[in-house]
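Heads up, the next two complexes both have chain A, just with different partners, chain B and then chain C.
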Partner chain A sequence: MAYTPQYGPGSSVVAENRRKQMNPSISLQKMRDVTDEDIVLILGHRAPGQAYPTAHPPLAEQGEPDCPIRKIVTPTPGAAAGDRVRYIQFADSMFNAPCQPYQRTYTEAYRFRGIDPGTLSGRQIVECRERDLEKYSQELINTNLFDPALTGIRGATVHGHSLRLAEDGMMFDMLQRCKLEGGVVNYVKNQIGEPLDKKVNVGKPQDAAWLKANTTMFHSLVGTSYRSDEEYVEYIKRIHSLRTKYGFMPVE
Partner chain B sequence: MAKIERAQKLFLKALKEKFAGDVSDVKTEFYNFNDLQQSPRKKEFIEASKKVEKDRGMSMYDPYRCHLGGLPMGQRQLMTYEVSTTGTFVEGDDLHFVNNPAMQQFWDDIRRTIIVSMDLAHNTLQKRLGKEITPETINEYLHILNHAMPGAAVVQEHMVETHPSVVDDCYVKVFTGDSDLADQLEKQFVIDVNKLFPAKQAAELNAAVGKSLWQAIHIPTIVSRTCDGGTTSRWSAMQIGMSFITAYRMCAGEAAVADLSFAAKHAGVIQMASHLPARRARGPNEPGGIQFGHFADMIQTDRTHPNDPAKASLEVVGAGTMLFDQIWLGSYMSGGVGFTQYATAAYTDNILDEYTYYGMDYIKDKYGVDWQNPSPKDKVKPTQEVVNDIAGEVTLNAMEQYEQFPTLMEDHFGGSQRAGVIAAASGLSTAIATGNSNAGLNGWYLSMLMHKEGWSRLGFFGYDLQDQCGSTNSLSVRPDEGCIGEFRGPNYPNYAMNVGHQGEYAAIVGSAHYSRGDGCSLSPLIKITFADPALPFDFSEPRREFAKGATRQFVAKGERTLLMPAK
Partner chain C sequence: MVQNQMTDASYPQVRIVSHRLLKPDTVESLLVRLVAIQGIRRIIMNGPSIPATVPYGPARGTENPHTDRRSITVGDEEIELRVQVGTFLLEVEKEDIIPLIERACEEVFVNFPYQVQQGRFMRSSPTQVDHAKYGPGADSRILGITDPSAKTGPTIIQGYK
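So, the complex of A and B:
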């Protein structure tokens, strides 16, 4: 019998949003159209138009060893070309940002190949080959995983995910890499905080209703109460109980 | 599981002091706080650094140039913190152990302590040498030992000695469960169990110690700071040996001295911490070897506040996060200076206190646990369902408090801070309800899993590794895998990695016993030793002592200014 992923428990809208984001058979919703060049600017790893720096020769040129695994796994374009491994890192506000750290990691693991995600409380990083990264970043920024005001693209000094919002609705960023100007959010610095020669418009922040309907985090003040999703809470307790009992007496 | 009503919000006073405006607001202002200039302490640092730079001719603290290429901290409000329950507000910098002499003394007082049996030596003297041991000879020996232990000579001619004023914190007292013997010893040398402990605890401790006689020894702070924890037993053993020779007129080279030395260095010695594996490169009496049960015994709040096991446990959390997070993992093991920010969350602004007392209300309301009258009789059987119920409810309540008060979330701005605090309240509540430390630890891990799933985040990259796999080992007690919480410690395999756990684990262990009204958590000897009011640090009120250190009111020992030219 083929395994059918369930993408997590729960009867709430938060649980449903989590499943939709993770499930690769459901297309992410296109929300904005930040260009390839603008994404390269925000990432800050290379100049637009610059050739991809390499860490090794293209696989086709360097002579691969006779390895059964390599015959099974098709290299990603970045790996085949020998690109460097670079990153994009996000800070997600706890006030209903559409994606959240572990949710990002799970979603990326289901949807992308050749990635190395790292999950913290205030930020989530994903590393991969550079041209793959730029492709994945398109999906991470231009879809419903992203909100211009509540999702920050931050390589360092990420402080802000748990802070109150600024009066204009923006998540705190010590470096103020992006600003709300004329109703849209413009990045004026790249993710590591270096000033950009031109502003990058990432669009208009979503309104509160959309955020509440699309977030993947429980929040009893501005969103959906965790306690109200009884199925979810019971599921966690069941997992914990089973692990505990197996640790005490490892029998089936 | 159902939420209960609780009117108190112990953190509200601190939040209102820290944050302007309505503490329930979701929005605020940033970028207009005049950066570091909002902080008196940071301004003090800048001025102090100017003086240092002038004196030594080299640059030093220069945040306007060095922080983020010229962007200093303080783009948001730099918060003050109330050291929980003290009413004392301090800056975060004041809680770094380098800036806080009380924190240093706390650790000094543990590291420089050793407990040594007198029974083995007395057996040698009586049975092997035919010497008579009486209360009078013991008193004389203790006079000599309190002369010798700080570093004075007792046998030889033409010896160098230490200056009494720089070793004035060094002394030896004794204790026994034999009240008749205790009554015959000079009061200045006796830790009086009956006087210091509530009657029930004293009875348990006296019964456990019995007729044995033990020395509670504190070598000079300045010695253990210059050397290490491994020095403590050696320094004490040398002075013990010389004092026995003098007191009982022994030959300095006779073979029986070897028996006394072996007893004082090995056979009769209780270290505060066991030595660690070679890869940790630490000897005995260093923080990583302190068993959680022993640490819970060092803290004395269950003695001074026997009817409030929650407070007793919270004091262990404060002391434990300071020692294990700030000093052990932060400096000994990692070398970082940022660990203070994690640790202080557990003992500032009454936040963990509020979550824990919610748990107390819950276990009283739902299970009828009269937690203010500690007893083993009303403890709840620690089934998985009970653990899940208590820890689950306390976790949900704590998460909701963070959500309902956005300034509370901003106060604990890091996920590891929140995770440690929420799980600690869950574990403490479970342990106090059941009187079972492993049930408390198990509650901790349920809390972590619930927290992670609710907010889709937990701690930092490595922080939560142990929490995501911890359910499985919390009840694993086979000898080759683990042991009950009392015998676990900072170097227990799954606990040896990350900040924000070990102090809380020690408190969970202790809370199980405090809730039963036990005389001690693991060692009656350690419990009695740290009850001594003569210790420079008051182990019954660690948080109050830390606050005194932060406000520069604490007088530490081991100072050497006496010996240096006045400036």
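So, the complex of A and C:
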């Protein structure tokens, strides 16, 4: 029987945005053009132009054991080359950032291969082979999943997602990895807080109207309130009820 | 008890909360207006910390240049800001100067909303840590306004008395 994933419940704009981000048949909207070299600088795992350090020899040279699963699963380019596993981590402001940790993990799991996402309340990390990571990071930064002011690329000291925004609309960052300069956001440090030799421009922050229309977060004060989406409330009530009854009388 | 003198003196307290975290220039411009008002006993500025060095991660210990961690001048004193200020707690001598504080806020916070609230916001008796650090005869004005683990004390701005 053919199965069509629904991705998520809800009739609000937030629910629709969540589905759009998760659904791999809908391509993400390209918003900016941060180059490969700039991504490498922000990530801070290797110098631009440097060869990828390896964790093991390429699979082709290594001699794979006879394994039916390995015959089914094609290795990603990074795995085939034996790259190291590296990461990118994001913090998303609660003031209508376009993405948020759980949403990121779902989205990445639907769209990318060979990843290990880690979801926390205020940050989300994704680990994978280095060259795959750079490719995925491009997609995470250059599309509508990212806003220069409200999304932070933060490998460590991520504090800020739940704080009030600064006067200029930037999310608090104790390491000030990025600055708003002349209307555009420039990264001046890499994701762990080491100063960069050159600034990396990640573009103009989106305006409040765009953020409200494109966020995947409910917020009763600055965005769409959760209670306004009756379908979502009904869904969560059903899940809660089943969880509570399960083990005693798991029937609806 | 000597330590509890602060509790007995029921000075009115005020909390100013801006809806945005403030830049040092804005903090300076509000403080300059506040110190001109007679009858403010103590001011505490709260907000998330901006450390001098990177506190966690692989870059731990390296310098942390940050444009919002800098000195501001209030009265004749230089104040080294170590936090991004989001809240001011004030203790005043009389309630009738609160409208003056509200007026100062009105002048400074023009681009975003703010709230001025009245209540009890400062610690009113010494904690164990205060007792260990300052001893039983500590100046009651100092309690609750600096972090007992901090190496620096409060800034004293010469007032009108």
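The rule is simple: the second predicted complex is superposed on the first by the 248 of 252 C-alpha atoms of A that agree within 3 Å, B and C clash if a C-alpha of one lies under 4 Å from a C-alpha of the other, contacts with A are read in each partner's own complex, and residues count from 1 in each chain.
Heads up, the rule we're going with is that contacts are C-beta pairs under 8 Å (C-beta built on N, C-alpha and C of every residue); 3 or more make two chains touch, one makes a residue touch a chain.
In this text the structure is predicted, and so the values were computed from the model without any measurement.
J.: Based on the superposition on chain A, does the combination of chain B and chain C result in a clash or a fit?
T.: After superposition on chain A, chain B vs chain C: clash.
J.: With both complexes superposed on chain A, which partner does A:157 reach: first (chain B), second (chain C), both or neither?
T.: In the superposition, A:157 touches chain B and chain C alike.
J.: Check whether A:192 is in contact with chain B, with chain C, with both or with neither, and answer first, second, both or neither.
T.: second
J.: Touching A:221, do we find chain B (first), chain C (second), both, or neither?
T.: A:221 sits against chain B, while chain C stays out of touch.
J.: Quick check for you: in the superposed arrangement, does A:240 touch first (chain B), second (chain C), both or neither?
T.: A:240 contacts chain B only, not chain C.
J.: Quick one: chain B or chain C, who's touching more of chain A?
T.: B
J.: With both complexes overlaid on chain A, does A:172 touch chain B (first), chain C (second), both or neither?
T.: both
J.: Check each of 41-49, 329-337 or 437-445 in chain B against chain C and return the one that clashes.
T.: Looking at 41-49, 329-337 or 437-445, the stretch of chain B that collides with chain C is 41-49.
J.: Which parts of chain A are touched by chain B and by chain C alike?
T.: 157, 159, 163-167, 172, 174-176, 193
J.: Show me the residue ranges of chain A that touch chain B in the complex, using the header's touch definition.
T.: Counting only chain A, the residues touching chain B are 18, 94-95, 100-103, 118-122, 157, 159, 161-167, 169, 172, 174-176, 193, 216-222, 225-227, 232-233, 236-237, 239-241, 243-248.
J.: Under the stated contact criterion, what part of chain A meets chain C in this complex?
T.: Chain A residues touching chain C: 155-157, 159-160, 163-168, 172, 174-176, 179, 192-195.
J.: Along chain C, where are the residues that touch chain A in the complex?
T.: For this pair, the touching residues of chain C are 18-23, 26, 48-51, 54-60, 62, 64-68, 84, 86, 111-112.
J.: For chain B, which residues are in contact with chain A within the complex?
T.: Per the stated touch rule, the residues are 3, 25-31, 68, 71, 75-76, 384, 388, 392, 396, 399-400, 403-404, 406-407, 409-410, 412-416, 418-419, 442, 445-446, 449-450, 452-461, 471-477.
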